[in-house]
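As structure tokens, here come the structures.
Note that subunit A is present in both complexes that follow, paired respectively with subunit B and with subunit C.
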Partner chain A sequence: MRRTRFLAAICVLAALWFSGSARAGTPPDTLVVGVSSDIHLLDPAVSSDNYDWRQIYPCYDRLVKYKVVNGQGSTEVEPMAAESWQVSEDGRVWTFKIRKGIRFDDGTPLDARAVKFSFERVLKIGKGPADNLGAIQTVDVVDDYTVKITLKNPFGPFLQTLATDAASIVNPAVMKNEKGGDLAQGWLAQHTDGSGPFRLKEWIRGERCVLEAKPDYWGGAPRLKRVVIRFMRESSDRRMALERGDIDIAEGILIDQIPALEKNPDLVVRRYPSQLVEYVYLNCQKPPLDNPLVRQALNYAVDYKGIIDYVLQGNGVQMRGPIPKGMWGHKPEVFQYHRNVAKAKELLKKAGVSRLQLTLIYSERRPTWEQIATILQSNFADIGVNLKLQLMANPTLRDKIDRGDFELCLGAWSPDYADPSMFMNFWFDSNNWGLPGNRSFYKNEKVDALIRKALALSDQEARIRLYGDAQDIIMTDAPYIFLYQTQTIVPMRKNVKGYVYNPMLESMYNFESIYKQ
Partner chain B sequence: MPSSTPRSGIDPMEWWRRFQEEHAWQLREFVFTLGLLRRNPSAVAGSCIIAAMVFLALAAPWIAPHDPIRISLSERLSSPSWHHLFGTDELGRDIFSRVLFGARISLRIGLLVVGIAGGLGTVLGAVAGYVGGKLDDAIMRCLDIVLSFPSLVLAMALAAALGPSLRNAIMAVAFVMIPKFARLVRGEALAVREKPFIAAAKVSGAGHGWIILHHVIPNCLSSVIVLGTLVVGETILIASSLSFIGLGAQPPTPEWGAMISVGRKFLMDQWWYATFPGCFILVTVIGFNIFGDALRDVLDPRIRR
Partner chain C sequence: MRLLRYIAKRLLHLIPVLLGVTALVFVISHAIPGDPARMMAGQKASREAVENLRRSMGLDRPLHEQYLRYMWGLLHGDLGRSVRSQRPVAEDLKDFFPATLELTLASMSLCLVVGLPLGILSAVRRNRPVDHASRVFSVCGVSMPVFWLGLMLLLLFYRNLQWLPGSGRLDVGLDPPASVTGLYLVDALLEGNGPVFFNALSHIILPAFCLSYVYLAVITRIVRSSMIAVMEQDYVTTARANGLAEAVVILKHCLKNSLIPTVTIAGLSVGELLGGAILTETIFDWPGMGKYVVDSVNFLDFPAIMGFTLVVSLSYVFINLTVDVIYAFLNPQIRY
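Let's look at the complex of A and B:
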């Protein structure tokens, strides 16, 4: 008797095991994306992290959106919540006609008031996203479905900034969740309230985030019913899950594992030239990093070629200046650091520092960071600098960056719109200290003047000249170590169709038009 | 020359002769124990493993073919070969050399932890057992609290609170190991306290401190040694676990647990990376455990003769 029961149990287990492996694959109406780290918060007026935007972006509508040309993302925009627009002769006053019939979940219509509320909220909160809308002076409601935006100065890429996550239109009714004058930041950090094709269904910290499609979306119901973002810390976990079919798209796979994925007939590995750069913030406010000679020495110590050839397996190029290749304003003749140990030692001696002890903080956000951190440690040891490595969770890391509570930190950045200000003004303007962009807490009045002047101009030639001059100063001041510009590699199941990559929307997906075959 | 004169006039040979005379019984016992150990196969196996590990650890700088922290990117992730016996890691470092140097770290952690925890635990346990009463209660209840947590969980919490570093990991593991020693020694001390020679010592005017130091603790020593041997194995395992989750040794330290932690990311394509440090943890911990078990059997008076 006992024996039969035991056998029966074995059979059941075996059946479960085989059925489990035979099932293989996620439901056809569900897209599962495996990503490396938990997200931080969901408020479009607060977050300046593409990994948060991945969830925020599909939950909201914006006045305009990036056009898709021949299945590829472009930097041109087309109407979304705005039907049409007009611009005044001097380029300062923009009038948008808003599409009628767009509603938020509670029935509130998306109208001029909602646009005004959303943009003013971003500007009032004044965190990172406010810089994307920094050109705006006033937003006025002309009538229910007409909004007039006045700029401080004519700004070339203004329309594109309206396609970024910061310009998401939020339901003004969120104000009923306001606490202590926080403009509902506390509530929106954990919830979404937009008119986009998706809404947040659940977010279990450290585990997953589920977006649910709205069948009555004004732009047509998404073909997916739900999108699950699974937080899986290990690159090899994500890879195995992808091969098994437990997830449909795997983000941040270690480059060493890509060749094996390319051999799997069930998968496609898509590669895109990106404008994503990775670099090291050197906190210019923390001695001895306040000394440009020390920062130059560190720049000279790094084995750029080794990192690119071996860690990236050649899937990247060394940055030359802050602006990546492919973005206008990139200056091909700007100074570039190369490994030169003797020079680095000499600079340290000149700076009068010896036995330097520094700490680098990093997270596992990008799969390569652990290796790069260890390489930096070894490279710095060659010039007599002892580098301590500190791994931490990504949200903790971002808090530390915002407070300037670090010496060195690994970072990644990608542009939201095709304008060099995305790099020059964000990274170097001393008004942008912390998460907004100037993460090395750098301040140089000359650079401030040059880049602010460049931002206010509309003449592209003049702007290139000003940004070029600023880049020369910056390379001498060396507030960052510019590592490389990468290729974005997205491995996915073969049955996932309709994915569109846009370098302006790095790590963000067009969930509304992705479908599974 | 005054600086090189010995502090006192004791001649080492003379001291050794007197020691032999005074401790003739103990020495006989020690030799007898060694004889028993030699006839116990698991004791022999265990001690061989431990001896091999100690040898590898001590000789690491001479027998390691490469610098354990030198990066050589062009050789990254190469499979085991004559040039790199255990292959290389993701930065081209020689895994064989790293594993050898890792033996130094793991053994040092084991010895330090047993030293600290064994020392503190023995003193606390002896005092509690000998003095008894309220002090006993106070000490033992505090230690019971520590003991009520699973040791790995408590060590993790402590190491996280102290900040990730090897030193803090050692302190955390030592802290959670103290009660093990204290409880053992207290039990023995309770028995020793009632022995006639303690009464005799008291009558001859010995103070409590002297009695604890010269009678109670020496009488517990054999049990402490057995426990110590067993704890070394457990310690190495916990310390590696802490390093595995990033709370112990920090890069580029070639610690076994830390190596496995990085190596697991490459496990599917580069099996050698996590495998070799894992094997070394396994073998070392087994070595200490079977040796400790054998030692316990051999020293147990009930099955001794």
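Let's look at the complex of A and C:
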């Protein structure tokens, strides 16, 4: 009798959890996104991480936003909280008219004071995001709905920087949560207080974050009621969950798992050309890499096509010049290196270098790097260069890059805003040596002059010309090996509609216009 | 009374242990080349922004001064503020520790519930099919890599058979129970919330099994060998000659005496599970301390690394103390 009861209890237990686990699929008004990394913090004035911005961005409004043209994301901006703007002739003073009727959750209006408070807060805190607004000298309230921003110097990409996460407009009432003069950093690290289409409802650390839609959002109620972001570190977990319908979008699935997903009739795999590029820094201050002929030789040795076909399985294109395709300022006719072993050997001979030994450092930050390093080793061996590979932890790698303590190093870069200066000025200005951008420790006074002049202008045509001239010099100097620009691959359930990819908003989603059929 | 004095003495030993652990981890973690201020500021940040941050984080001070500041905070119950999350480390640990503890307790329960009977059966039916099967089972457990086992379990029970849920502690549609202990199973029971309890239970089965398999195998082997050693002793033969039932001989006279090595191993395993469930937590997206510390190391989050180390070393000390106390109950000859 006791045994029968025990067995019956076991059966009930089993039935209960089977019934629970068999339930697959997510509710129609809820979007579940499987992502690889937890959030660190949620303060737009502190976070420099795209994985944080994914949650922060939809909770706030900004003065401008990226345009969507024919259902495609573009790199041009259009009004958001700002209705219109004017710029002075010298390009230093920007006056914005702010849209009336936008309110934060507690009823505080989004006005000129809120804009001034938010921008000044970012600059006062002075952490990573402050660099995006670093051109600002003063922010003045002209009247309730007019704000005047004065720049230190004319800055071509200023308007673009206002679409970044750093320019999110925060409710000034957040200061009631300030502790010990921290400008409410402690509180905003874990909460949101913006006027965007979503608000943070729940964040269970290491597990999930839930964003709740605001039905009274001034730009129209989002079609989703809530968005659940599940933190799932393993690519295979995300893949299985997507196949079973437990999540609707899976981010960062490894390339070798994509073909299997493409065969699944319930899924759709979308591919977008991204602005994320991978390249090799050649330390121009370390002999013999201080000789442009040696750097050119290394550029000629690389099998670009082989890397793209084998490592990316075709999901990328070789870079032509430093500005990727899709960003204005890209120069389609600029010189491009191709594998030419004979030419590479000849250049080495001309440089008077033989039996060259070099070391390439890299980390496991990107899954592709191990394979690329091995291919480079084999490619360089073909021209008689012995490449030693050194894998290290990412913080150590960053430290070495910052101090210039390396010969060759693998790197990846994506722009924060849609402006070629994110590549040209960051990568080549000799004032930016080290981690801030010029990681090949390159210095060419002519290039410095051209790109600095371009940065200060607001005339796009003139800037394109200047950047174009600089690119020609750079390709001859060859301070980097430009490998490829990647494709962003987003697998999702077939019933997810309205997704718009924007290369400026990597890992961020337009939750406000996504819906499920 | 003597036992209490012994416990108090062991607790006093904590002070040098903690001093040693904090000093060692502090020096080692600060010796890693890398700059937490740079990690925090973001890689494109200007040098000026990084310098400001370094000053505000106190990283520009000499190492001994940083250590003394940390210890002073620790004396006042302050584990510092995480570089990554900007929150007090104690709060971070409060969020992540219960998940690891729940997984550890579930795994240990599984180890004991399955490992003990299997070990006994194996010893009693020595060199018979049950024993051979148990040995094969144990060898598989010891030799199977955790990440592979985890993936296979997910593939079979989650993706193909769809019997059990995949990763996480609860289904997306369910809200966690009100936090009392932080252990979902316990909190759901306290709340009387059946659906959440069963859902949490179904979520913990695969990771708990995956995590426990290695230790399960070890415990089975230990119980088997110590049971065999005890069963060959004279007093067991005497007990049998006195006509005691076989079950009484095995469970009362043999098992109790063979438990000491098992308790030692189980105690050490709990300590290891608390600090080393990183792979299992990663594969099953279990939001525990393993994931937390890996992220902290990658980010050079010194206060978080220190906090984690302190919790794990404290757990070790307490578990070893518990094991020692259990010895006294198992074997009255052991006196403190």
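By our rule, the second predicted complex is superposed on the first by the 295 of 517 C-alpha atoms of A that agree within 3 Å, B and C clash if a C-alpha of one lies under 4 Å from a C-alpha of the other, contacts with A are read in each partner's own complex, and residues count from 1 in each chain.
In this section, a contact is a pair of C-beta atoms (placed from the backbone, for glycine too) under 8 Å apart; a residue touches a chain by one contact, two chains touch by 3 or more.
These numbers were taken from a predicted model, which means no experiment stands behind them.
Asker: Kindly classify A:Lys388 by the partners it touches after superposition: subunit B alone (first), subunit C alone (second), both, or neither?
Answerer: A:Lys388: touches subunit B, not subunit C.
Asker: May I ask you to decide whether A:Glu234 touches subunit B, subunit C, both, or neither, giving the answer as first, second, both or neither?
Answerer: Both subunit B and subunit C are touched by A:Glu234.
Asker: Of the partners subunit B and subunit C, which touch A:Asp256 in the superposed model: first, second, both, neither?
Answerer: The first partner, subunit B, only.
Asker: Look at A:Glu512 in the shared chain and tell me whether it touches subunit B only, subunit C only, both, or neither; answer first, second, both or neither.
Answerer: neither
Asker: By residue count, which of the two partners contacts subunit A more extensively, subunit B or subunit C?
Answerer: Looking at subunit A, the partner in contact with more of its residues is C.
Asker: Looking at A:Ile204 after the superposition, I want to know if it touches subunit B, subunit C, both of them or none. Which is it: first, second, both, neither?
Answerer: second
Asker: Under the stated touch criterion, which partner chain does A:Val32 make contact with: subunit B (first), subunit C (second), both, or neither?
Answerer: Second partner only, subunit C.
Asker: Contact-wise, after the overlay, does A:Asp402 reach subunit B, subunit C, both or neither (first, second, both, neither)?
Answerer: second
Asker: Indicate the residue numbers of subunit A shared between its subunit B interface and its subunit C interface, in ascending order.
Answerer: 234, 236, 240
Asker: Quick one: which bits of subunit B touch subunit A in the complex? Just the residue numbers, please.
Answerer: 69-71, 73-74, 76-77, 90-92, 164, 246, 250-252, 262, 264-269
Asker: Note which residues of subunit A are touching subunit B in the complex, please.
Answerer: On the subunit A side, the touching residues are 234-236, 239-240, 254, 256-257, 260, 303, 306-307, 309-311, 367, 370-371, 373-375, 377-378, 388-391.
Asker: For subunit A, which residues count as touching subunit C in their complex?
Answerer: 13, 16-18, 20-24, 26-27, 30, 32, 38, 40-41, 43, 46, 48-49, 126-131, 134, 185-186, 189-190, 202, 204-208, 228, 230-234, 236-237, 240-241, 243-244, 246, 393-396, 398-400, 402, 416, 426, 434-437
Asker: Which bits of subunit C are touching subunit A when the two form their complex?
Answerer: Residues 32-36, 38-47, 49, 52-53, 84-87, 92, 95-96, 99, 151, 154-155, 158-159, 162-169, 171-173, 175-176, 195, 198-199, 201-202, 205, 282-285, 287-288, 291-292, 295, 297-300.
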